[in-house]
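Please go over the structures that come below.
In the two assemblies presented below, chain A is common to both, partnered first by chain B and then by chain C.
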Partner chain A sequence: MSTLEHWLQRYNAGRDALPGAGVPWLDALREEAIMRFADEGWPSNRLESWRHTSLTLLEERSFAPASAPLAPETVLQRLRSDGEEAAGGHWLVFVDGRHAPALSELGALPAGAEIRALAEVLATHPEWVEAYFGTVEEGASPAALNAALAADGAFVRLARGVALDAPLHVVFIGGVRKGASLVRNLIVAEAGAEATIVEHYVGVDAAGDAQAGTPGTLTNAVTRIAAAQDARITHLKLQEEDRSTVHVAHIAAAQARGSVFASHSLSFGAQLARNDITTRFDGEGCEALLNGLFHVDGRRHVDHHTRIDHAQPRGTSREFYRGVLDGAGRGVFAGRILVAPGAVRTDAMQRADNLLLSPQAEADARPELEIYADDVKCAHGATVGQIDEDSLFYLRTRGLDEAHARNLLTYAFAAEVLERIGLASLKRRAQVAIRARLPGGELMEVL
Partner chain B sequence: MLDIRNLHASVDGKPILRGLDLHVGTGEVHAIMGPNGSGKSTLAQVLAGRDSFTVDDGSVSWDGVDLLAMPTEERARAGLFLAFQYPVEIPGVSNAYFLKAAVNAVRRHRGEPEYDAMDFLKRVKAEMKAVDMREEFLYRSVNEGFSGGEKKRNEVLQMALLEPRLAVLDETDSGLDIDALRTVADGVNRLRSPERSMIVITHYQRLLDYIVPDQVHVLSHGRIVRSGGRELAHELEERGYGWIDEAQATLAQGAAS
Partner chain C sequence: MNAPTKPIEAFLDREYPAGFVTALEADALPKGLSEDVIRRISEKKGEPEWLLEWRLESYRRWLTMTPPGWAQVSFPPIDYQDIVYYSAPRRKADAPKSLDEVDPELLRTYEKLGVPLHERARLAGVAVDAVFDSVSVATTFKKQLGEHGIVFCSFSEAVKEHPELVRQYLGTVVPQGDNFYAALNSAVFSDGSFVYIPKGVRCPMDLSTYFRINARDTGQFERTLIIADEGATVSYLEGCTAPMRDENQLHAAVVELVALEGAHIKYSTVQNWYPGDKDGKGGIYNFVTKRGDCRGARSHISWTQVETGSAITWKYPSVLLRGDDSVGEFYSVALTNHRQQADTGSKMIHFGRNTKSTIISKGISAGHGSNTFRGLVKVTPKALGARNYTQCDSLLIGGQCAAHTFPTIEVRHPSARVEHEATTSRIGEDQLFYAMQRGLTAEDAVSMIVSGFCKEVFKELPMEFAVEAQKLLGVSLEGSVG
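Our next item is the complex of A and B:
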């Protein structure tokens, strides 16, 4: 059976049981979305923006549920034992794409902060999300499949001026029963609201090394962020899924005047991960930081496609992506910056740097600048390189053995990305994740 | 005792050291002077084990051990220290981490207990004071954004921490102001001992007023062409290198005819 048929069947059989079924606008949107997906199928490398990352491997896979290894409780415990702050904060946990109330712990929320599972909101207050759910056209075809079938996710709404005291951790534990998880997160920050939201994607494969070949789990995630005037949203995504997982995600932000959006995307797991991260400046004087780090080894593949749409004047964007590539790993970065006519005094800067640790690893970094306005500052740079021989020699002349020196330089390269993560507890969490992945990471004390 | 015989080294097939001989006795300080591009840094790097240079001929014996057969890090642990002419910037690695890793690598090798964080900080802060470095330099990335003089002080700090048996200082005095020169020279002199040998590469006789060498050598076109006492440095300061080259040429002519 071809995968398209599988998804159509799944939709037909399940649509009436989806949360919010029967709500007219939602029914219509889902119907159109599944049609778009049926029409387009999985993106293949015939599409320019999927040139290096074909999802056609998904065509032969139906993601039928299978049996379970590590308990989600254990996985969550590990996640929360990394720092003293991790014990605090607000935790909303999903297992295989479904809200797990028993594992969640939202704690006390400030007045005006609404954090719930999307399924619950769709069932009880669909009108809350109508304006924010998204459209059929948005993103590539996997995003349409997500619109048709996503049954749960996080819903966050912050009323005017409300600041979330501690980070919200949204945890997606995947692969318990294998199969596919489609989740959709909606984050709505009204004027002047502030929050830090962390999305964790983790697997349950104890070894973390189920040697790939055929993907067993599919994660398809869409996160939509609406930042009203002067809102400040920090979004951190930590993807540490099992090596048998295919992870396809789209993070789409829309920013009103004077808002600040920071995105940190740390992609360490999965067999194949594709992240589309976009933001659009709908008002003057917006700021965006797109910061990212990925690590691939074996035959793993990570692709980041970003787009910053400077639609209005006086916007500032900073973009920094780094990749560490080992084995026969493959990394792709394509960063698009659009400066609309009239978006004067735009200030955009983009850097993409890749460190190849093995001769078989391969990295592509491609800036795509489209500038239609005058009086604009736009800078970009991309590198693909190896460990610096001068640095290596210098360290060795001080008695560090070659492996230690190499690991240290690799870790330092990666750690620069972490410096941009403001919150100490999150930085630490990310350090732990990197150390677990990079060779010799356990030797590294805090640099 | 360092014994360099007939050393030939090249890079990409281009010969740089062409039959260099040098003997540095234990506890001695030797100065090497010579024109730009004559091979002084190449000699220093070859001694430290830089593998972009190919050793084509000759030998280097260090207290009876074949130095050239040892990997770079083992030379360092055995007590060879090179103060770089151009210290390398390493973004993302804090000076504190780097210094501690270096000191402990050497201590481990000597069978001494590794420093823990407390012991290390105590020691490093004392040494920093001696070379007049502020503590903030501990928490900056290695050499990143350091001024020329600050980088040189950082080299001397490393030398003091690692307590080498053989130190090679490659133009550690270049780019230093008068006070810094004094500080650096004091740092070097504190380390002078009967067990410790030093090779001081410099362009300036002035440094040798502070660090008084046992011998001065002139390196030209990849060989030591002249050796003498410290008065040779004064002579070079006055007359430049031209007369040595001329003397060489006359010598070579004599040999050819």
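Our next item is the complex of A and C:
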């Protein structure tokens, strides 16, 4: 059972074995974080920001490791063969939340770029991460649980002006032994540094939907990004986990003057996935792009909560989220744009569109503006609808049958999000992922 | 371009013109709330046993509830034992039988407020039910309405004369335990208006209620119930004012609308409760629950509100679209100036097939005002072909104010089409400059821009209210309109 006691026991039993145990600041932070989690428990829909997604189901699920592990090698193989150029780049692979050096392939890194497993850094150079590890208060209670128990993850540090030549792929293969994996990724970009980082969350088990009471997999991930002045970070997250997985993630960026942060979140897997994506403009003239696509079917549930904090003047943010909802799936989008007092010349735009394909699907949208300054340009829009009958008719006059016309329009709706992904190889990978899921997607290859 | 803002600020500081106190003797219960107080309210009003029981049940529910904390407003906790729950102007031995018997002091109050209560009523052609503190003072045009079978009277009168109608509909739209303030109202409501339009009748004139809080430390808890029977049509107007006082006064009303098959209800509000002074001292807490129920097929409920008053506004006029092909509408202008806070919006819940709803909200924030739009559009699993369009725009005047937009969309039917759009902007210096170089003064230019911003909502108001609303915005904001 995943009750609070389970986690407290796990913490008490394992705290001395956690990487970096014995480092005073880290011990204190972990202690406080577990206290916070014990205090708050899993978020339920009594909390305003969890109204449409409750994690109390986790209390009834056990995350005990299973005895027979599956082969992660084949999963990685499949992943690396998708997309033409995707085999290149730097690969850092984790299995069930632990670094797998045998599967990783970092290749040659430019001078000034440091990419390592967090466990290693915590054990050898805890002072590197002290300022970037995060705080106890950050995020909801699952993020606090993560702060207390996260044992590994990616650590990326780019010195001033260093640009990573090829994308860094951080792969988390989950569900090999079932159980819970808590990972924490820290990305530190010094002034003017540039990088594209892809987080893949994949599962090994293709079994059906998880039932309450059965063992399952829990992924609890936190990614923290610190972008110094004029740094440019592109972050892409591709979540394709098993249907028995519960995925809870928090991506938090802090941007200094003139930095550019792009986040692409593609959520296709897991029984329940909750993504909190936040960025804060700590300096003038920051730019942010939050781009996302999700697909649900069966009884799956995907929730994106985003927050863009325009704390300083002259920031620009653009946000686009799209959801395709099939079966009895449920998609939730809540996006908040906050403009602090004095953050003048803010330009913020947000769009959320949902396509409902089935009578049992549900879409919930909460686009929110919170504005404390007058010289701003802010707009948001949200829609929920179905395939446009006129477009359908037009395609049918061109000789497509109804099923194909529908599939084509559904694909077109989803593919618009991919157009914003700059790198061709990543776009290609995302296309493969979409096609594998949308009805009749394989035909799009031909068209 | 600093010059034009100065006259604007001067106008922003204008004081509340309806803030006079009428010297009247009042028959009031002592402060505080208990079952005993509720029994006495009920007894004073000569209510039947079932209504007393209904009140007591509401009170018991209220005791178990906590005030909602999710709204974007802040105020010190309210001491519910420090409020007078019943206050009536003291009368001679018998209640007035005609307008001539109504206390002339009271009539003068309404005259000052510009309510067409007496002769002016006939000219304006508006039937008025005026509620002063807790009781309804006079209802005009009763006879003419009676000829059509229309019932338009105070709530207490309706309890006596049409108990079967009241009993059938009371609490069916806003149940007793709906929310903290609605439960409080259900327990202690003292008066309000009651309207019943019979089958197929088109109400020949606009019906109107004027609410005024006069006495100190008094809460006003009115309850309005409007029923439009099959095929009936009615347009209802509501206006509110209160004297200037340093303390905050509570106003927790409940309005229930029931539209049966093919019925059409249009409910317009101009709310001008005392907003407090420019430092945020005093003012009315306007915590109101308003809900309409499109119970029959092809029924239509439309809310229009102009909210310029109150220290805090907490209200979400909603429509339950239960009948097939029913239509719900919400048009709102909310203005917050000085330290005013408004958290307002609408809920549209689609149950029936081919139901349509529209939400148009215009928020204006000035001074240190905080204006929040909060909305919910919900399409339930059986609501085939539901359609919603929501637009909420915010206008910011000055760098200290705040504007928020918190809509929620929940859709559970694939045939639904739901759209939401929101924008936030300020009166641009270039807009002002353009208008001024055409010869307009700064205040004229501002008022013109604000009027243009609110046009979509004003055009939904009945004529005389549209004029009043324009004026109010002028007074509340820049004072140069008209």
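FYI, the second predicted complex is superposed on the first by the 428 of 447 C-alpha atoms of A that agree within 3 Å, B and C clash if a C-alpha of one lies under 4 Å from a C-alpha of the other, contacts with A are read in each partner's own complex, and residues count from 1 in each chain.
Convention: a contact is a pair of C-beta atoms (placed from the backbone, for glycine too) under 8 Å apart; a residue touches a chain by one contact, two chains touch by 3 or more.
This is a predicted model, so every value here is computed, not measured.
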Clash or fit, chain B versus chain C on superposed chain A: fit
Partner chain in contact with A:Ala193 - chain B first, chain C second, else both or neither: neither
A:Ala379 touches, of chain B and chain C: first, second, both or neither? second
First, second, both or neither for A:Tyr394, with chain B first and chain C second: first
Touching partner for A:Ile34 - first (chain B), second (chain C), both, neither: neither
Where the C-alpha centre of chain A sits as vertex, the angle toward chain B and chain C in the overlay (nearest 10 degrees): 70
Comparing the two partners chain B and chain C, which touches a greater set of residues in chain A: C
Which superposed partner A:Ala361 touches (first chain B, second chain C, both, neither): second
Touched partner set for A:Leu149, first chain B, second chain C, both or neither: neither
Which superposed partner A:Leu369 touches (first chain B, second chain C, both, neither): second
Partner chain(s) touched by A:Val23 [first = chain B, second = chain C, both, neither]: neither
Overlay on shared chain A, then closest C-alpha pair between chain B and chain C (Å): 13
Chain A positions touched by chain B in one structure and by chain C in the second: none
Residue ranges of chain C touching chain A (in the complex, touch as defined): 70, 72, 379, 381, 394, 396-426
Residue ranges of chain B touching chain A (in the complex, touch as defined): 48-50, 52, 71-73, 75-77, 81-82, 84, 87-88, 90-94, 97-98, 101-102, 105-106, 109, 141, 158, 162
List of chain A residues in touch with chain C within their complex: 48, 52, 341-342, 344, 354, 356-386
Contact footprint of chain B on chain A as seen in their complex: 389-391, 393-402, 404-405, 408-409, 411-413, 415-416, 445-447
